[in-house]
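Below are structures written as structure tokens.
Each of the next two complexes has chain A plus one other chain: chain B in the first, chain C in the second.
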Partner chain A sequence: MRKFKIIFRPDNLTVEAEEGKTVLDAAVSAGIDINSSCGGEGTCGKCKVRVLKGAPDILTSGLISPRERKNKVFPACLTVIRGDLEIEVPENSRAAFDAFTAEEPSGIMPETKEGEFKRSPLFASPKGSVFNFGFSFDIGTTTVAGQLTDLNTGKILGTKISGNRQAAFGSDIITRIVYAEKPGGLKKLNRAVLESMGRIIESLAEENKIPLKEIHGILCSGNTTMIHLLLKIDPAWIRRQPQLSVPSFPTLTAKKAGIKINPAGILKCIPGVSGYIGGDTVSGVLAAGFYREEPLCMLIDIGTNGEIVLGSREYLAACAASAGPAFEGSGLSCGMRAVSGAIQKVEIDSKTFKSAYLTVSGDPARGICGSGYIDLLSEMLQRGIIDKNGKISAEGKHIRSTDNGKEFIVVSGEETRAGQDIVVSETDIENLKRSKGAVYSACAVLARHLSLDLSAVSRIFISGGFGSRLDIEKAVRIGLLPDLPREKFIFLGNSSLSGCRKILLSQDALKEAFSIASRITYFDLASDPGYMEEYGRALFFPHTDLDKFPTVKF
Partner chain B sequence: METNLTLEKYPGLISTVTIGSEGEELTVGGQNALPLLFKEGNIPNPPKIAFEVWDIFPGDFDPELLNIYGEEAKDPFAWAELGINKCKADLICLRLQGAHPDYGDKNASKIAGFVEKFLCRIKVPLVIIGSGDDIKDNLIMPACSEAARGRRCLLGSAVQDNYKTLVASALADGHNIIAESPIDVNIAKQLNILISDMGLPLERIVIDPTIGALGYGLEYAYSIMERARLAALSGDRTLASPFICMAGQEAWKSKEAKEIPGQGAIWEALTATSLIQAGADILVMRHPKAIEETKNHINILFGGK
Partner chain C sequence: MALSGLDIYKLLPKTNCRQCGLATCLAFAMQLARKSLPIEKCPFISAESRRILEEQALPPIRPVNIGYGDKQFEIGNETVIFRHEEKFRNPAAIGFIIEDSLNDEAIKKRLEEIEEMRFTRVGQELNLNLIGLRQNKDGERFLKALETVTSSTGMPLMLMSGDLSVLEKAAQACRQRNPLLYAAKEDNYAAAGAIAKKLNLPLVVMAQDLEKLSRISGELEKEGIKQIVLDTGAKPPAEKIWDLTQIRRQALKKKNRALGFPALAIAENEDPFREALEAGDYLAKYAGIILVKNLRKEEALSILTLRQNLYTDPQKPLQVEPKIYSVGKTDTSSPVLITTNFSLSYYTVLGEVEGSKIPAHILSVDTQGMSVLTAWAAEKFNAETISRALNENRLKELSDGKNIIIPGYVAMISGELQERSGFKITVGPKEASGIPAFLKNLMRVP
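After this line comes the complex of A and B, so read on.
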């Protein structure tokens, strides 16, 4: 196999790649994270790059406009290497608005209630060792969060989040499962998540001046597919009938798992329920606590897989909404995670349409995170900038037309860090509408299965990577959350991570997690005959059935 | 033996839509029962027939239709008069096909001028439909709407992605509007909400559910219309609009209409009469024989009611 040199700009990285491989493959091996919603199948058009030098083969695609072809802009997954190349990777094609750096999340993680579970750390240090550090990880489809804890004192030393590098192989779990079935696919996906985790581990260890060999264990909470890929278990049966997960997750040594902590350290995973309800949901239920209380409660995870749990100490029912990564900032023109510079609160002036906003950490705006988008949608509806279908229907100096439809300018380039306008486009709104429609309709269907009205729920726990705030009122107004008295809502932050931490520090909590997992009944939405109808109705702001949202008036 | 029928009583009511200028108007809708179930409520308005006329010679039409229209098809006024006098249609449905970029691309002022002349000659209630090209229609429809002010026409069609221009015109000039959805109850409802959010009362909306001819989706359209009607009669005001169905247009697309002489008219009649059972309030038709059969059918069903 002939090998050729591929140079990537503006990163100035050079890799060697085999003839016949694609530019996307080369970018991945160069460590450049290019968007690939469809996992390199050539259908999503998100991986566009520009050929500066060289003559690659371009596979046919309906996604390239004549203008793009003239400018030599092609999807990286359809650009086949036949000789040396120089490639420019535009900002828009890079995965997530910010680079995959490990950053402090701004969210508040609820502290473990003292005395809730007897303290008995999951991992022990070898005899003679004074120190004992452990990690809890929430391995999300889009975002990975890792937390370093001193297992001797129970104190949290730091938390960092990073994008899941598996995004280069697909933005949703089904696409990644399909990718894992390709030769070498499982290995690549496994390496990608290990790299994401490794960066967080190294960063936190360095900041706290802790040698890696003093880290003796990692507890992982994640959805079933994520854990399969982490443990290098073939996930093929998750997506095929009867949609099975491996019945229990093996405990591995760090050496076997491929993680750089003490080689004799342990990698353990929280048990899941089914193919689509994983340890992260179990962990979230543990964190919320309603599994051992009387009142009927609901846990809504507004993440890529949108898991919903409804129940109490009498029963627990769950489903997965498949909401997509929009509320984590992925797939949107100016979307980003809730880290410094992310717009998280917005108000729009009713006359001028100018936006007043707050960013995480107060840094200059770089993009918009989930809570920022929720505020924006609510404000735009309130001000008549968009109609209930999500189409921009106003005019003004903050609204402009582009080739791909209209967009609303939130912050002009003069005020931003990169000098580029921060906008929300009609395509972004469509994506967000679909995400919120998926979450809401999943709640409605689950309630219907249990013959319950959503008004019977006493408390609704919200989990998600929103940073330190989620405006419940606005989330209801756009139809993401059910229209219930606002006091019933409690925002938990990352419940998967907080539950994981409780289990890291208590073996009793681990036993409890197993018990919770065995009690959850899974309801499959894909095979529910009424689901599509319900979903279609939720694709409107707030909902096609306005009666379901009596307190919402625009 | 006495049979006691179980009769349903519905709390909802379909809007009454009035089309046509003062003194020459007709009404559709206003029922509070399912189609033809006269014992369950009030069905004040039998279905109406609209005769379809183009502003240009319909070169695409099946030869059988052109044959029966004869010379009249070359002159929109004569063609419309054929529909009124010979077919006894209740309305004329004027399609401004000549504005379409592929059919003559007539500009807005030419079209508006023509509509003015048409309105002088033709005095029955009018449905005015654009060419089907969104960009062009957004130019011609406001002009036609203004030219037709005072005639309380039924203007078409608003779709979910392009409704604002037409609704604004209907509001400004006092017309009714056709809300077209692609055989989807949710979209029909959403579109009605969007239209009424702009200030047009629900009582000025007629729904075009996009029907298919017999064998080409008739029963799918039927089920959508039935679901929408049931929802409306159960109290959902946003779906409580009369229906308009393009029976002629759809039936004459079929292979069956073209293959055997005489079969086209039957296909159109069967499509139209079946849709009456689904709740069609206005049927837009083409063939005089089909219209005759359908009118007969309506008289029999509604005779004495």
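After this line comes the complex of A and C, so read on.
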């Protein structure tokens, strides 16, 4: 096999690559993080690069416009190496997996009742060692959150949230499972998540001046697929028949798992319920606490794979909705996680359609995170910029037409870091509409399964990675959350991580987690013939049935 | 109202012991509510709960079987008032009344005409189910006419005679055919019931008002007669619809077991058009058997089509015929877009292709009505099924094979599909909304 030299600009990195590989492959081996939400399948068009020198083969695709073809701008995954190349990777095509979220989600956790769980940390320090630290991790499809805790005192020493580096291999669970089936795929995915965790561990240990050998254990909660990939177990059986029913996971030493803490330290995972209801849901239920109370409550975890749990101490029922990563800021033309420069709050002037916005850390705007999109949709509906179907129906200088439909300009290029406009396109809105429709219809179908009316729910706990805050009012207005009295909603922030910490600190809580996992009844929406109908009806802002949203008026 | 899964759950031990084979008691309760598992699967259920559940398990509207052999049909067993709540289960039987006053030749001719009223529609056979022979003359004529009918047709029968001794003789004569007896009335129901019980045949109970009707059917049920059909006699359509609706509501909402039987309605009008209209009303509003007299073949088609539509399961996805559709003035260089035969997928793709103004073929692959990703996950939209569809539809003759496009969501199968089918496969956009720009870009490549 012939090998060629590929030079990446402006990094000035050079790698050797085999003939027939793609530029995306070469970029990955050069350590350049390129956006690729489809996992290199040539469908998302996010990995565009410019060919400065050389003549690669370009695979056929209608994603490339004649103008791009003329300017030699191609998706890296469709650019096949046939000789030496010089490639420019523009800022917009780069992923920022490792950037830490600047602010912690400001969710309100229900007060931990005194003596709720007796303190008995899961991990003990070996004899002779005084210090004992542990990590709790929430491993999400899009984001990874880690928290360092002093196991002797129970004190939280710090929390960090970063992107999951696996996102380079596809943005949703199914794409990851498919990628894991490729030769070497599972290994790459495993290494990617370990890297993301490692960076959080090192960074928090360093900030707190703690040597890694004093960290004796890591407890992970995550969706079932993520835990498979973390433990390097083939996830194919999550998708295929017979689907596994109760995934409880082996415990590994840190050394065996490939994590840099005390080599004799332990990596443990919280048990899940099914292929699509994982330990993250179990720990979320534990954190929210309604599993032992009388009133009927609901937990809505809005992530790439959304989970909904409905119940009380009497029973617990759950379903999973493939919401996609839109509310985590992925898969949208200007979407990003809630890291510095992400627009998280927006108001639109009713006359000029000019947007006033706040970004994370107050930095120049780079993109829009989940909470920003919820604000934007609600504002655009309110101002009549989009109709109830999500099509841009207004005109003005903030609206323009492109080959792929219209888009709304939130921030013009002069104000942004990369000098490019930050926009919301009709395709983005379509994407967000489907995400919110999936979440809402899953809530509705789950309640209907139990012959309950949503209004019978007395409290609704919301968790998810929207950014630092979620405007419940606006989330209801766009039809993401059911239209119920607002005081019923409690935003928990990352409930999976909170539950994980409780378990890290108490053997009793771990027992409780096992008991919760065995009590949750899983309903498979895919096999429910009524789900598609319910979903179709939710593909409207706020809903096709306005009686379901009596307080929402535009 | 049937008990919901949650109601049933409250009657279970809630131990999540898994002896029933399911993960939790709630999951088992949901299966019980759906009647897909027997109560016996739970070894720990209390006697009291068991009694409640068994009572609950009886269908609110009993099934009734009429006829024999392959023409036998079942009516009743309905569980909902509105079709969209779940579905209507047993299609109403539609039959013709034949008078015994016709001579034997005329009866034979009429039967031939009725047998002719059969149609094939979207792959299903539509036909009539029942012959109601009505007595107008003496008993001897009735029995003779019955002989003519039984020797000319195998269709299920309803024997309509006001004279119980004639009815019994007729029933005896064609007992093996499991005919429906018409009818037990206020003044003779005990005797009529005795005949039905002795011969083990289904029986119509007739009374003008619902109270009398339910009293008679209740008494007969106590006698052990379970195969009952209800009739409130000839009335103007508005009143008849009201009766039929009340019977259904009483059975389902009030659990009135005496009215928990299928109902019968006769639409009889000299004007076949009016008669069809009445029959349509009764079809929509709950009749389990509809008898007509003067419909011609063309009205019969409307009525049978209406029945087919009412009794399809609204929860099954709508499908389009899996085949190649050509949009615009296509030639062999036109692109071929592949999608599923879920009608929503197909029509969305169609709309975008039309909008693009670029002539193209759309190949809809048989995925049993599943959408792209669902079908892919269920292995119904993969390299194997798509390449088979490409072959079966003779794509090689239709297209030069340069631009065969699969949905972006199944990009992962492009390699395997290329190998299996021998065609060059292009990965298209994930969303149908991306099709116009995609096609324009694609067709502009030199």
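By our rule, the second predicted complex is superposed on the first by the 516 of 554 C-alpha atoms of A that agree within 3 Å, B and C clash if a C-alpha of one lies under 4 Å from a C-alpha of the other, contacts with A are read in each partner's own complex, and residues count from 1 in each chain.
We adopt the following convention: contacts are C-beta pairs under 8 Å (C-beta built on N, C-alpha and C of every residue); 3 or more make two chains touch, one makes a residue touch a chain.
Only a predicted model underlies this, so the values are computations on that prediction, with no experimental measurement involved.
Taking chain B and chain C in turn and counting the residues of chain A each one touches, the greater count comes from C. By the document's definition of touching, neither partner reaches A:Thr14: not chain B, not chain C. Of the two partner chains, chain B is the only one touched by A:Lys388; chain C is not.
In the superposition on chain A, no contact is made by A:Ser129 with either chain B or chain C. When the two structures are aligned on the shared chain, A:Ser455 is found in touch with neither chain B nor chain C. Once the two complexes are overlaid on the shared chain, A:Thr544 sits against chain B while remaining clear of chain C.
Overlap of the chain B and chain C interfaces on chain A: residues 533, 536. Contact residues on chain B toward chain A in their complex (touch as defined above): 160-161, 164, 184, 186, 189-190, 193-194, 197, 238. Of all the residues in chain C, the ones that touch chain A in their complex are 4-7, 9, 14, 16, 23-27, 30, 315-317, 344, 371, 373-374, 377, 403, 405, 408-409, 411-412, 414, 424, 426-431, 433-434, 437-442, 444-445. Of all residues in chain A, only 38, 41-44, 60-66, 69, 174-175, 178, 239, 245-246, 273, 314-317, 403-405, 426-427, 430, 449-452, 518-523, 526, 529-530, 532-533, 536 touch chain C in the complex they form. Per the touch definition, chain A reaches chain B in the complex via residues 387-389, 391, 393, 533, 536-537, 539-540, 544, 546.
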